[in-house]
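One structure below.
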């Protein structure tokens, strides 16, 4: 109780700021988050539009001004987070701490290393600003159900992809021998590119088989790719069905506190005590 | 009873017309609906065929006569609906009221704003006649089961699409840097177009990666697009399975409390006691 | 008993032939069926290979001799079926009766209408010989489970395809206006062809959008096609799961003879009498 | 006990080697397996990179030295397996015995048949080294669940593919007649290639329909291919769901005879009585 009264004004401000910046349970906090998201989207859109030649030549200066505006906004935000965070070092080391820093650094680096020669390098660095978009993920937590289903089926999907890549390699080697450099299959890595283009049913058409045998193998590759897509779909569907079935029943055993019972269960299958009806 | 006798002749006609035009439970009502659908399909086919140069030059006049015929038919239909509707204002404001009006307006507007210069604009307006097709939806209500499953899975599908669009943006930026304007990646928006063409496995081949690194990233993008299609499929399948399971039966056995009986079941298949009729 | 003894020798031969030709339960019948399938496959392969210019010029005469051989074999088979069938008229009118006739007619028609002018027409007729392949279907009855699931989900799939075709028509009209004849969208029917190529993720690349707005709409079309494939898959998967679940339990109620109980049912859900354990 | 003491030193070495080379339950055995897998991957990567012209001209000699190194390593491994195997003849005849031999033979054959004329043939033989990759499969046994689901659904999938190939043949013949050699459909086999490219939604665009009727049939083919992918997916998903449900649990409650408990259940969730451990 004594400690509570001893909190000086600065700490109160820090605490309030922290609730606004890191929290989402106050009205001000929500406003802060939403305006931040809008800033991120606008800034990324600017970077993207800047690469269009006609827009760059006409609005180039306006865009660079706006970009500096967003850089300063994000810098202030970063400094505020550092200031009001309970554990600043932990924030800096966290994933979003690094992303927040990476999204403002390139603009400042462009000041330190000017000159025509560095233009391309700087442009690459500026593209890292795209990581700002990743911040948006913070505001969505529903994805966990999907993520859990994907991790659950991870091992089966890995074996599937391993088998597919084996098939891709064998088919690539065969196609390289059958078609040869004359039809665009200049090397096995190029042939692997073609096989992936074909087996995923993308089919650019930049490299196409010219010989009869090659077209027959290509047809086989297509049919294979067309049908094996059913396997990861089947795995994931079965997994999602189970996840959804589990999350449906919300009853908690009053004895052992286990949740996730089957929807028609009358007794807890962990301790055997009777389950109460869902309220 | 008194009110019934007071209904004058006009009201009787209105009532009969309403049953024919808005209802589908009388033989005349069904005939009206079917002939209207045939008119809509014929009229849309006309608009479509009119854009084919060879047909337009040969049958242009016949088509424009037929189009005026359909416009007049639809105008009469619209006026009849207005006349016999119980709440005309509500009909005008409803989705189909607006669609019905939009499907006849362009032809009349073409009269008010004639001249060669307006040809293209008028053609665009005339294309709105396609909304007539949407009227057909009125006659199909089975789609509700599908719609409910899609709305149920809406939130999960949104997160999926949000994650995919983040991945698309990152990949687009990387491909723009790797490939550059030399290989057709003239700007990031163009690069986004390429990434969507690739990740959805469409693969036009109008823009294809030329560098080794670019082809490797393209192969990765294809494999990603090829496998993540499993996620929305899984979500929707699980949801449709549940919807179909739900619509199976809502009855609960009064003896053993088991639910989920088959829809044609008369007795509980767990305890053998008779099931009550669904209320 | 008297009738049995009166069966003369011809009837006995007919009966034996019928068991061999129409039945599949004797060793001779199976041999007959298998050799017929081999003949059909060989004959269809011949027709296909005959269209390859290099093979036709070199082995053309050999192929035409072999084709006459197969035509005569199939003619003898057709006459035998007519002879030994219990109801010849019913056989001639049945699906396979018509197919059997259509597969031998073209070769004889080529004799009646000779001359260079008729070459193309005759070739088309000869292609009907492909219907011989359909005979193979006779020997596979497992497809019924699939067929039933497809018919069950028929109505939902129809609504799905109806909605898709509406979307295709609207998108086609928009793309025709946006892109115009300059980029290959010469008419709305052509535009519909493009939309189907895109929405099904085939993506030939023979017609591709050239304007920025067109590419944006194309990207939207691709994402739509990429995601809505989940809907028919979901419908069919749910339906097949149910079909398979039903066919799993083979118990028959001893009271009302109902089959297709749920696998954990203890009582018949139709009459309420107890089910015996599966043997 | 007597036999144990009679085992001489050589047999002990053999036994130890066998546990290391064939087994995966000792630390040394795991180290051996992992280093072998790394060798296989490196060796296959070498073969692939060797086909790239620029790499071959620069590092050709280094690659051929490394390849001889790996050939010798794999030869020693093969001889060791022969030496310490309990049944050498059975090993030689087994799948991996043949694969192991095939992966080293080509390099030695290249010594026996030198000369420029044999270069291509030898390269083809050397590509068989890719079978080394197949060895990796030995180290993954989780794929069995997938394999079982695929075999279970094998018959249904076969009928599906048989029907699809019938449709492909009919469509190919029709397209050959409609489009003709002028649009690239030079023969029915070529037309089959086009149909498979289209029905699997690959869509290279190397052969595209030019006539209106051809484009209409192509659009139908695409929609068909787009929708029938749902069938094998549905079959496999239903099968995988069942496989996963089965592997869930085989225990039957001794009180109420309920099966299908969760794998970690200790009590029946229907009647609350204790479940016995699975045998």
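The first chain written gets the first letter, and so on, giving A, B, C and D; residue counts start at 1 in each chain.
Please note the rule applied: a contact is a pair of C-beta atoms (placed from the backbone, for glycine too) under 8 Å apart; a residue touches a chain by one contact, two chains touch by 3 or more.
It should be emphasised that the depicted structure is a prediction, and the values quoted were computed from it without experimental measurement.
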Interface numbering overlap (same over half, different under half) for chain B and chain C: different
Selected pair, out of C-D, B-D or A-C, that shares over half of its residue contact pairs with A-D: C-D
A-C compared against A-B, more contacting pairs: A-B
Centre distance in Å when chain A and chain B are each reduced to the mean of their C-alpha atoms: 31
Cα-centroid distance, chain A relative to chain C, in whole angstrom: 44
Chain A residues counted as touching two or more neighbouring chains: 189, 192, 201-205, 225, 229, 233, 235, 237, 241, 264
Footprint of chain A on chain C - complex, ascending: 201-205, 233, 237
Complex contact set, residues of chain D against chain A: 44, 47-49, 51-53, 123-124, 127, 130, 133-134, 136-137, 140, 142-143, 145-146, 149-150, 157, 161, 189-190, 192-193, 196-197, 199-206, 225, 229, 232-233, 235-237, 239-241, 244, 261-262, 264-275
Of all residues in chain C, those that touch chain B in their complex: 155-156, 159-160, 162-163, 166, 169-170, 173-174, 176-177, 186-190, 192, 198, 201-205, 208, 212, 215-216, 218-219, 222-223, 225-227, 229-231, 233-235, 237-239, 241-242, 261-262, 264-274
